[in-house]
Structures are given as structure tokens and as C-alpha cells.
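Below: a set of structures, written as C-alpha cells.
Shared chain: chain A. Partners: chain B in the first complex, chain C in the second.
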Partner chain A sequence: MRKSDSEQLKRILSEELAQSDDVEDREMKSGELTARLLYIKTLCDPQKVQRFVIVPFWDLQNREQYENFLLSFPGSQRGDRVDAITEKLLQGFLAVFLGDELILFEATLNNNSNTKEANVETAVQGPQDAYTEKIETNLNLVRARYQTPTLRVEMFVIGTISKTKIALLYDQDLVNPKQLEDLRKRLQNIRIEVLQAAGQLEKLIEHRTIRLFPTMMITERPDRTVHNLANGKLVLLTDKALYALIVPTIFSDFFSAMDDMYMQNMVGRFLQTLRYIGLVLTLIMPSLYIIITSFNPEFVRVQLTFSIASSRAAVPYPSYLEVIFMLLMMEFLTEASIRLPRAIGPTATTVGGLILGQAATQAGLVSDIMIIIISVVAISNFVIPVNAMSFAIRVCKYPLVLLSTLFGFFGLIVGLMGLVFYLSSHRTFEVPYVKMFRKERKP
Partner chain B sequence: MKRRRLALFVLLCATLLQSGCEFKDLDKRFFVVSIGVDKSKDPKKPYHVSLKVAIPSGQVQMGKESFDVYAVDDSTISNAVQHLKANVDKEFDFGHTKMLVFGKELAEDDYRDALDWMVRARFLQQIAWVGVGSPNAEEVLRVKPNFERLPSNALFLSFGQIGVESEFTVSRYLFDFFRANEEPGSSPVLPIIKAREGHFTIDNAYVMDGKRAKLRLNADETVLFNTLVRSQNKYEYVLEQDGKRFVFHADQISVSRSLTESPKPTATVKIKLGGTLVESQDQVVKEQDLLKVSDQLGRKIQKDIKTLLEKFRDQHLDPYEFGLYYRATHWDDVDQEVAAWKKMYPSLQFDVQVKVNLRGSGVIE
Partner chain C sequence: MRENRYFFYLVILNMLTNVVMFVPHVLLENRFGSGMMSAVVAVPVSMALLIVFTKQIQKVEGFTLSKMLQATFPTWIRVPFLVLLSAVWMTAGAMSVVVYTEMTRRFLSPETSSLMILTILLLLVIGVSYLESDLVMYGVEVLFIFVVPVIVFLLGKALFSKSMNWLEVSDIATHLWSLPDLKSVGAATFLFSGFVNMAIFGRHFPSRLKPLHYWMLGVMGLSVILTSFLIPIGFLGSFSVERYAFPWMSTADSMRMEFFFIERVVGPFLLLYLILSTLCTIVTWHVGCQLIDSLFSTPRKMRRVIILAVFSLSAVGMQKFLLNEHLMYRFTSNWLVIRLAAEFLLIASVVYGVRRWKKSS
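Take a look at the complex of A and B:
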């Protein structure tokens, strides 16, 4: 390898990679011996680097000896071609420049022991890794899955007291520069003392005062992050916060699970359709019950009308009180089972389920049909794969119940129209929130 | 800004009063499932209106239904319905009224006012079925079939063809009946519902002339009429020959018609029937005889249908709606068309062609 070649190599490597904040590029000098190290911090094991590269450099004063020492490790090799070197660096190799020579030394960090299984966004057939509370590990998880030199990492520190580290990840070639600039500016403008969660960060980035629907995806799955990076989105990793934020996110993203992508396409489509059906059901079922029982009983078949009528015979209160009572009971039950310690959780659901299911009808507080409707509402709400969206939808059905109580069918239709208007008024980083087709058509 | 919010809040509160009378829970309503209109004996109060009200019960079981029939004589039908409210504690709901029955006497006299009320009443759905009750409408409403789960459900099932599919049943929706009644070149047909002990028999039909029931079709004629309008997909015909009977079961039917005006006004009706023999008394029909039998069957059905069509023509009735066909294929002024058709119809000749395709003798040799 000639000298000019080596210089060129150094320049290309630092230009290709060094723009990321997690790339380390340092020089060591001891006597006449000079070595330059270039590596991606988040992919390499710092212990290995220290013990096998840095310390021996000071111990072995001789260049030849040091070179032989490095090459004696399995996996070490001389590098000459730029693309091969880049590839190796992205796999967790160290590039050691010794004069004209370049030695690649393997120092891959394996994080298998540190990561946990995803338990908020579970997947049936797919990677099970989830983010941890350490940003370095998380960056490693992403880097390991996204081995492309165009991946950039920018570090920010937010929070005057907490000094939380934030990593902004994007693919240089795919990202929309306007969105990137916008997000950078927003991050720099954040004034807060303590930042502890990804959701908190989302609130700080968004400017709206009344917020119902999530406009950024919060995920614990590295594979979802990588998929979005590959689609040109921006990702924010927060230190000590477990979750990643994906920007910008649109409505339909919240209805896709990672499993959809891993399964046969017809199955994936079916599952997505199922979720939208679930969305409609959980939104309109309580309102529809009020409408059918109190406004337009002719809307359903005579057989069903009579069975609702007979099961409601014992209920003394109007239908909307029945619905609101049951909806509240369901929300209490859901909330209780989420917040309770794991040991008590099942007790709460059993007691609540028994009371709601059996006793309430026998006591004549609610009708049998109402129980079915409440279960449909609860279960179809859980079908929505991303929690933030599922919570938002939970809130949405109450205005619809109010409107249908007041105006019947007309109210429900107007309410649904209003919901669509509201959703379509959202923009996240200039992307329409209710965009029907996720991919831009290529010109 | 604050004042605007206050105004919005007041407006919202005002809407709380809006639901008002429209909001009434299902268990505070009485569902009227059928309405019967009869002619009363009192000339001052000509209408005898009966309402069948369903009483929902918890367990839906066969024959365990409960209902009440309230009836009153009054000068108008609307008055009668209002009057009947005095008998009950819950509001009547006509949203599920799916059966409207004219009494036989009323139908044979003049049903126009009753039909007019039914079409006008905004609370009645136009998809209710219409029929003629025999001996009268109230009797039909009072029948309690042993197999019925919900009041009047037996009639809904027979006419809706969700349940039984009978070749003897003519089904007419209210809107369709009204249309046929008003349309020049069309005569409505209504089924006759005969009240029996514990069930109904629906196998005859009336052809109306726009004012009253004019022609009664017996069971065989009803089957032939249903064949023409293809309201069902399975029919059986009996062929009698030398004291022996064959029963032909047709499951493939296609009917087409056309009109020619010259040289003589002629209506051509082509019928193709496909099916098998399902019963042959005293003898086994062999494969080689099938052609002969199907030929005889064709001739018989051809004769019957021609007789039926001529009967309609001679009574100035047009339930098969040749008149509509004529009007649909002519581009004159409506009045002119109608007048021309009225002139032409009495001299219309029928050319009926029946082709029977016997697929098998129904026996295994």
C-alpha cells in the first residue's frame, strides 16, 4: 500500500463515517511510533479495545512487534479496499493505521446478555430483542442491524438537571433534510430540567396544547426502528428511557405490527384489515347500542330488537346511563390491572370480570346484550397494536357516546365525520397524518 | 375569546334538551308487528283496524311467543291507531311492522283508502309485506302458530323466503304493490293468507284491478303465475295421462317474452324447464320414454299457461305486466302509449312455447 493510497483511505473513511457522533478517531503517539484508531464506539467492546489495542501500544515500543501482536488475534487482517474496510468497521472492527499499514482488529461487542425480550410490542415470529435502558446498548442494537455507512448518529444532551443523552439517528441518503433540520432545531430549543421518558420528549417536540392522537411512534423494538430508518425516517433514542421515538409517523403506522411484515402478505393484509374493523367496532359499538335501544330500533332485525327489549326489561335506567356505567367499569378494570403489581393483577380482573359479567345482569343493572357489547369494545380496542393509539381510541368513544345520546344516528355520523376532520387536520413534520398511501410515488 | 367560549358552552347545554321525545328506550315501546284492516259492519265507522303487538320474552322458544291483538272500529285508520293507544301503557312503534293485511271483504270491495294510508304513514316501512287475510285480517293476526318463535315471524319467514320457499307463495312488498297498483299496464297480485288453527295456508292469490280484488287464482294457477315471474327456483307440475300421474320437478327455469304488433298483436312467451320426474304412479318410466313424457309435459304446461294468460286478458288484468313491457319498448307520449295498449290488449294473441328437458326418470335401473 502506497502512502498516497493510505492518506486517501484515511480521508474517505473519516468523511464517510466521522460525521456520526459515535465514531471514534484518535491518534496515539509514543516516541516515533504513531498509530491512529478509527472505530464505531457503539459497536466495539471498550474493554477489548483497551486491553488488546491501547495498552499493548504503550507496552510494545516496536512497530513490527505491535503489528504482529495485533495480527495474531483471530479475525484480524490487513485491509486495503475502502468498501471492505467500511463494511468491517460497521461490523465492529477497529481500524488501526500504522504508518502505511492498516490493520483491522475485531472488537465486536455482543449485547445478547444485556437485552431483554420485547414485552410491550410482542411479535409471534420475529426478533424478540427490545431496547434496554442504556443508550450505548441501544445504539449497538441499531448499528448491528443497520450496517450502512450512511447511518448518522448525532448526540444531544437535554435537561438542565438530568443531562439526558439523546441520540438522533437517520440515514444520510434517505432522510428528508427539511425534516431533519426542523427536528434538530426543535431539540435545541427544548428547555426542561428533568427528562426521563420518550413520551415526555415527544410532548416537548410537539407544540400543540391539546393532544389526543400520538404523532410519533414510541417503540421498544430495534427491528421497527431499523425498518423506519430504511424508509427515511428519523429516530430518537433516549438514554435511560427504554423506548425509541420515530418521527414522523402517520395514522396507519399505528395499525401495523412488525409481524405483518414477517408473515405471508395475505395474512399480513388480513391482520391489518382486522385491526381496522376492530377500530370501527370499538369506536361505534357503545353509540350504536344507544341508538338502537333508544332511537332507531327498526335499524336491526326484528328478532334482535325483541331480544334486546326483553333483556333490557329489568333495567330501570335509560340506555345511555347503562352504557356509561359499563364503559366506566371496563376502564376501571383495565386501569386497575395495568397499574397493579403483577401478583395482585389477576385477582382484580377475576373479581371485576365476575361482577361485570354475571352479577350486573342478574341484579338488573345492565342487559345481557350490553355485556357482549362491552366485551367487544374492550377486546377490539386491544387489537390495535401500538399502545399510544389504543389509548387515544379509548378516549375517542366518549364524545361519540355523548353525541349519539343527544342526537341519535345523526349525532354518531356527525361525530365520526368530526373525528375524520380532526385526524386529517394533523400534520407531523409537514406530513399529512391521515395519508392513505405510505410510500411516495416515484416520479 | 372568553365570551365566545361561554356562548359555545350555553349552546352545548341547549342541545341537551334536543333529544326530547325522540329518545325512548326500547323497553318503553310496544312493537307492532302486523296491522290488519277490515271492513266493519258499522257504516259510520267503516274500518276495523287490528294491531298485533309483540310482547318480548326473555327466552326465545318455539311456540312460546306472546302477543296481543287490539282491534277497534273507527271512521279512519289513523284515528283507529290513535284510539288503540288507549289500551296500552307503552308507545306503539311501527318500525318493525312488516306485515300489512287487508281483510278479504275489504279487498273485494275497495282497498284504495287503506293502501293510501299505508303508503302515506311515515312510520311504516315501505318494505312491509302485503297480503289479503281470509276469512278476515283480524283472524290472521290472531293465529298463533305452534312453531313460531316471535310474533308474526312465521309470515315474515314465508314471505321473505328466508325460511320456507314455497312455489305457492306470492310475495309483495308495500312499495311494489303500490307501484303495480298505480302503474298503467300492470295489475298487482297479492297472496291470500288463510288463517287456520295453529298455522297459515298461503297458496292462493288475488289479482287486483287497482281498486279491488278481481280474480282469484287457485293453487295451480298460482304456481303457473310464479313460474312466469320466476319468483321461486323449484316447481312441481303434475301430468295426468290415461288415469296415471307423473310429477315433474323443475329446478332450471328460464322465461323470456316478447311482443309483436303486426300482423296481429302477439305476445310470445318462451319457457324452458329442466328437471327430473320425481313420482310416477303405477309404472316405471324408462329412459327411452323420457322424450315422449317431456313432450306431453310441455304441451300440458303450454296449454295451462296459455289458458291463464287468456283468462287475465279477458278480465282486463295484466299481472304479468305485458303493458309495462309495451311501454318500456315504445317511445311515445305516456298517455298515448297507455291508450294504444288499452286498445291492443283485448285482442292480444298468446304464443306460448314450452320446452321441457327431462334429465332423468328419477329411478335407478
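Take a look at the complex of A and C:
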């Protein structure tokens, strides 16, 4: 390789890659001998780099010897073409410039033994890796799945006490520069002492005071992250926090599981439709019960009205009390089973389920149909795949219950319209939160 | 179609709310005279207006009515003209909620006071209409996608229902050959007048309509106007149809769903029209308040809210003033004619303004 070539190569490589904060560009000099190392820290094993590249450089002191030493490892090779070298670097190779020569040394870090299986967002058929609590490992997981030189990593430190490391990832070619600038500014403006979770970071980035619906997705799946990066979104990784934040996220993103993408497209569509049906059911079922028993019993066919009325015959108070009582019991049960230690959890659900399901109806405190409705509400709420959204929807049904208690069907419909427009009035990073028929880039 | 769909939403929204705006009433009143002909004549008339308007605004990149008026008309014409236009728009939205309130009190929740119903609807409308145009539109789109298929299903159900008496319909259809009158044409052209909302929405959702789209709109409009005119006749009889206060509600109430857990069609029909008429009010008031807001140099959220509050007060006043559906009917049918005139005026000003604007720039 000629000298000018090698200079050009160095420049191109450092221009292409060095804008990311996890790229290491280091020069070593000992006597006559100089070497320059260029590699992506998160993809390379620091042990290997130290033992086989840096230490021998000081021991051998002779260029030819050192070169032969490096080339003697399996996987090592001489590089000359820029694109081939970039590709190798993105696979976890180390570029060692020795004068005009360039040697690629394999130092790939494999994190397979460190990662755990995803257990919050599970997938039936798909990658099972989840993020860990270490940001370096997480960066490695993303880098390994997104091998382009346009992927940029910027590091921030947030928290005056916790000094939490935050990595901002994006694809240089696909990202919307305005959003990027906006997010950078918001990150720089954060003033906090202790930052410990991705959700906390989300709250700090958002400006609104009243927040119900999530506008950023918290995910533990590297494959979801990579998919979103390929769609031009921004990703924030937080050190010691297990989860990644995807910015900006809109309403419909919360209704897609990664499985949808891995299945046949019709199956994926079907599953998404199911989730929206679940959304509608969990929102309106309690209100419908109140309306049909107390406001407009003539609305449904006579047989149904009779069967509801007969199952409610023993219940001594108005329907809205019944609904609120049962909804609250269901929320208590859900909360209790989430926060309890694993060993006690099943006991709580069994006791609660038995008492609510059987004893309450036999005692004439609630009707049988109410029990069915409550279980429909609970189950269809869990159909929503992303937790943050599922929790927001849980909150949403109470205003609807209130409105239908006061105004019947009219209140319910007005409440639903209000909900739709409340959602559509959001913008996250200049992206409208609700927009139908939006095209997504195929990765 | 991807970008033109917003234009279609606006037009179809108006087409479907005609039932609330007493359009079938006006036509039914003249069913043995000019009704049929007026319904048919309204299609070419309003399609001509629609085509001229859309062609003109397509000529200018990022067209807004206020910008055009500012560039081509002196202030003493521009300000009263915009105020007049927004008053017409305001009345459209106000009538749609006031009439719907009356319907709801009669058919859905007779115990709730109409002022309460109106207040809740108005609060929702104020809370939505002041938003930016694109955000309003995205919400409208979601509800629209839910509502319209069901409405189309119900209309189809009515068409193929056994209770539909086609003999009565064909009787009315023979009255085609009579001169149309202004009132009926004014009513029937309301179906298409959704396109004027593009004066505001056009900036965020520019449409590029092709001849096929115009044909689609024309056919759709003709079929909607004929269904909303003729189906009540088929169900209620050509003579007795005029005895109903809300012929469409009674028509819906005479339909039955055999295989669903809701039996009477009137229930879902009312709820769907609750959504449609509220959407109509949201859209028209959004346009109305944006027009007034555009008189000032910088747009302000707070100002739009105040404008909408004034609109709401006048809607409440209208409800106090128009006590029953007869008064509402008389008021609305006259307003429909005024609206047609205002539409002509608007389009004339757009044609003139766009030409001068292009010449000057």
C-alpha cells in the first residue's frame, strides 16, 4: 500500500467512524516504532486487545516482529479496501496501522453468556436476547445487530450524584436532524441528582406536566431497538438500567409486538387487529354494563336485557357501585400479584380469584355477568403488548365509567371521542401521535 | 389517493351529516314537486363549484384563504368578508349540535336536560377545535374510519330491507320533471359543501384531484342524496312521511337487526350520528375560528379558545331561541340557502383572487 493511500484510508476511516463516542482511535509510540489503533470499543474484547495487541507492542520493539506476531493469529489479515475494512471493524476487528501497512486483528467480544432471556416482552419465535444492566454489553448487542458505519453513538453523563452514562444511538443517514438536535438539547438540559431507570429518563425528557400516555417506548429487546434504528428513530441506552428508550414513538407502535414481524403477514395483521379489539373492549365493557342496566335497557335485545336483569336481581345497590367495586378489586389483585414476592404471589391470586369469582356472586353482592365482564376487561387489557400503554389504558376506563354513570350512552360516546382527540392532540418530537395509514420503512 | 383522502373525509362528513341538517326535510316537503329535480340538479351545480374551487387552490402552492385575501383585497372588504364567512361556518356547526341535542333528548336520554347535553358537547368541541389543523384532522380520521363503514352498512341494510316499499319510491321518482326551486337546491347542495373546509385544511393537506376522483365524488353525492331523500319515503310512505319530526330517526327505528345483540337500529344510528354531527361541528368551528384568528398577524391558542367560547355562547343562544324542531327547521332551511350564496361568493372571490395573486407575484 502506498503512503498516500494509507493516509487517505486513515482519514476516511476516522471520518466514517470516529464520530461515535465508542470508537477508539489511539496512537502508540515507542522509540522508532509507531502504531495506531482504530476499533469500536463496544465490539472488541478489552482483554484480547490488551494482551495481544498493546502489551506485545511494548515487548517486541521491532516492526517486522510485531507485524508477524499480529498476523500469526487466526482471523488476522492485511486490509487495503476501505469498505472491506469498515465491515471488519463493525464485526469487532481491530485496525492496526503500522506505517503504511494495515493489519486487521480479530478481537470480537461475544456476549452470549452474559445476556438473559427477555421476560417482559416475550416473543414466541424470535430472538430471545434481552438487555443487561451494563451499557457496554447493551451497545455490543446493538452494534452486533446493526453493522453499518452510519450508526452513531454519543455518550452523555447525567445525574450529579449517580453519574449515569447514557448512550444516544441513531443512524446518521436515516435520522431526522431536527429531532436529533432537539433530543440532544433536552438531554443537556436535564438537571437531576440520581438517575436510575429508563422511565425516569423519559419523564425528564418530556416537558408536559400531566402525562398519561407514553410517548417513548421502553424496551428490553435489542431486536426492537434495531428495527426502530433502521426506521430512523433515536435510541437511548441507560447504564445500569436494563431498558432502552426509543424516541419518538407513536400510539400504534405500542400495539405491535416483535412477533408480528416474524410471522406471516396476515397472521401479524390478525394479531394487531385482536389487540385493538381488546383495547375497545377493555375501555367500554364496564361502561356498557352500567348503561344497559341503568340507562338504556331497551338498547339491546329483550332476551339479553332479561338475562342481565335476572342475574342482577339479588344485587342490592345501583350498577355503578357494583362496577367500581369490582374494577377496584381487580386492580388490587393485579397490583398485589405484581409487587408480592414470587413465593406468595400465587396465593394472593388464588384467594382473590376464588373470593371474587364465587363467593361474591353467591353472596348476592355482584351479578354473574359482572364477573364475566370484569374478566373480559382484565384479560383484554393484558393483550396490549407494551406494558406502559397497557397501564395507561387501565387508567382510561375510569373517566369513561364516570361519564357513563352520569350521562349514559351519550356520556360514553362523548368520552370516547374525547379520548381519541386527547390522543391525537399529542405530538412527540414534531411527530403526530395518532396518524393512520402511516408508511413504515421496511428494514 | 394517499394524500387526497383527507379531502374525501371532509366532503363525506358533510354528505353524511345532511340528515341532521334538515336536508331530507326540505326535499321531503317538496316531494310532489321540485324535490326530486332539485336533488338531481344539485349534483352538477355543486360539483361545478367544487371543481372550480379545487382547481383554483391547486394553482397556488400552500394556499390559504386569508393569505390570498390579504394579497388581493383591501382591508375594508377582507375583514367583513372573513367575519361573514366564519359566521356562516359557525352557524353550520352550531345547528349541527343544536339539532342533534334535540334528537338525543327525544330518542336517547329524555331525562337529561338539553342544556346539559349541549354544554358537554360544546366543551368537547372547544377542547378540540382550537388545536392545529393537522391534529384535528388525525382525530377526525380515526373516528371517521370507525363510523363510516357502520353507517354504510346500515344504509345498505335499509336499501335491501323488506319493509322498504319501492312502489312509493318510484311514485316520487316520477315527479322528476318539474322545475327545481331555490330552497331545495340550497338544501341539496349542502351535501357537497364540505370542500370549502379546504380553505383552512388545504394548507396541511394539499390535494391533487384527478378526473376519476371528481367522478367518484359526484356518484357518491348523488347516491347519498337519493338515499337520504328516498329511503324515508320507502319506509314511511310517500304521504305520511311529512308527519314525522325526524323522518330519518323514525326510519331507523323501523329497522330491526335479527342476528345481533342489539335489535333496534335506531340505537346505533343515534350514537353514530352523535359522532358524525360532533365531528361536523369540530371541523366547521375549527375553520371558523382559524379564519378569525387569521385576521391577526400571529396565531394564538388562547385567542382561538375565546373565539370558540363566543361561538358556543351563540349556540346556546340559538338553542334558547329555537325552541322546537319546527323553528329549527325553518331557520336551518333558510340558512342553507344563505350558505349556498356565501359559497358562490367565496368561490368568486377565490377565482378572482387567485388570478390577481398569480399576476402580481
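In the analysis below, the second predicted complex is superposed on the first by the 438 of 443 C-alpha atoms of A that agree within 3 Å, B and C clash if a C-alpha of one lies under 4 Å from a C-alpha of the other, contacts with A are read in each partner's own complex, and residues count from 1 in each chain.
Note that in this section a contact is a pair of C-beta atoms (placed from the backbone, for glycine too) under 8 Å apart; a residue touches a chain by one contact, two chains touch by 3 or more.
The structure displayed is predicted, hence computed values, not measured ones.
Q: Regarding the shared-chain residue A:Phe409, is it in contact with chain B (first), chain C (second), both, or neither?
A: second
Q: Once the structures are superposed on A, label A:Leu304 by its partner contacts, choosing first (chain B), second (chain C), both or neither.
A: A:Leu304 contacts chain C only, not chain B.
Q: Touching A:Phe295 in the superposition: chain B (first), chain C (second), both, neither?
A: Touch status of A:Phe295: both partners.
Q: With both complexes overlaid on chain A, does A:Gly418 touch chain B (first), chain C (second), both or neither?
A: Second partner only, chain C.
Q: Answer with first, second, both or neither: which of chain B and chain C does A:Thr238 touch in the superposed model?
A: neither
Q: Between chain B (first) and chain C (second), which, if any, makes contact with A:Thr428: first, second, both or neither?
A: A:Thr428: touches no partner chain.
Q: Touch test for A:Thr215: chain B only (first), chain C only (second), both, or neither?
A: The answer is neither, since A:Thr215 touches no partner chain.
Q: Where does A:Val315 make contact in the superposed view: on chain B (first), on chain C (second), on both, or on neither?
A: first
Q: What residues on chain A does chain C touch that chain B touches too?
A: Comparing the two interfaces on chain A, one with chain B and one with chain C, the shared residues are 295-296, 298, 302, 407-408.
Q: What part of chain A is in contact with chain B in the complex they form?
A: Where chain A meets chain B, its residues are 292-298, 302-303, 305-313, 315, 318-319, 405-408.
Q: Quick check: in the complex, which residue numbers of chain B touch chain A?
A: Listed in rising order, the residues of chain B that touch chain A are 15-16, 18-19, 22-27, 29, 31, 33, 54, 56-58, 60, 93, 95-96, 98, 125, 149-150, 153, 156.
Q: Quick one: which bits of chain C touch chain A in the complex? Just the residue numbers, please.
A: 2, 5, 104, 108-109, 112, 116-117, 120-121, 124, 127-128, 131, 134-136, 138-139, 141-143, 145, 260-264, 267, 271, 274-275, 278, 282
Q: Once bound in the complex, which stretches of chain A touch chain C?
A: For chain A paired with chain C, touching residues are 295-296, 298-302, 304, 407-411, 413-414, 417-418, 420-421, 423-425, 427, 432, 434-437.
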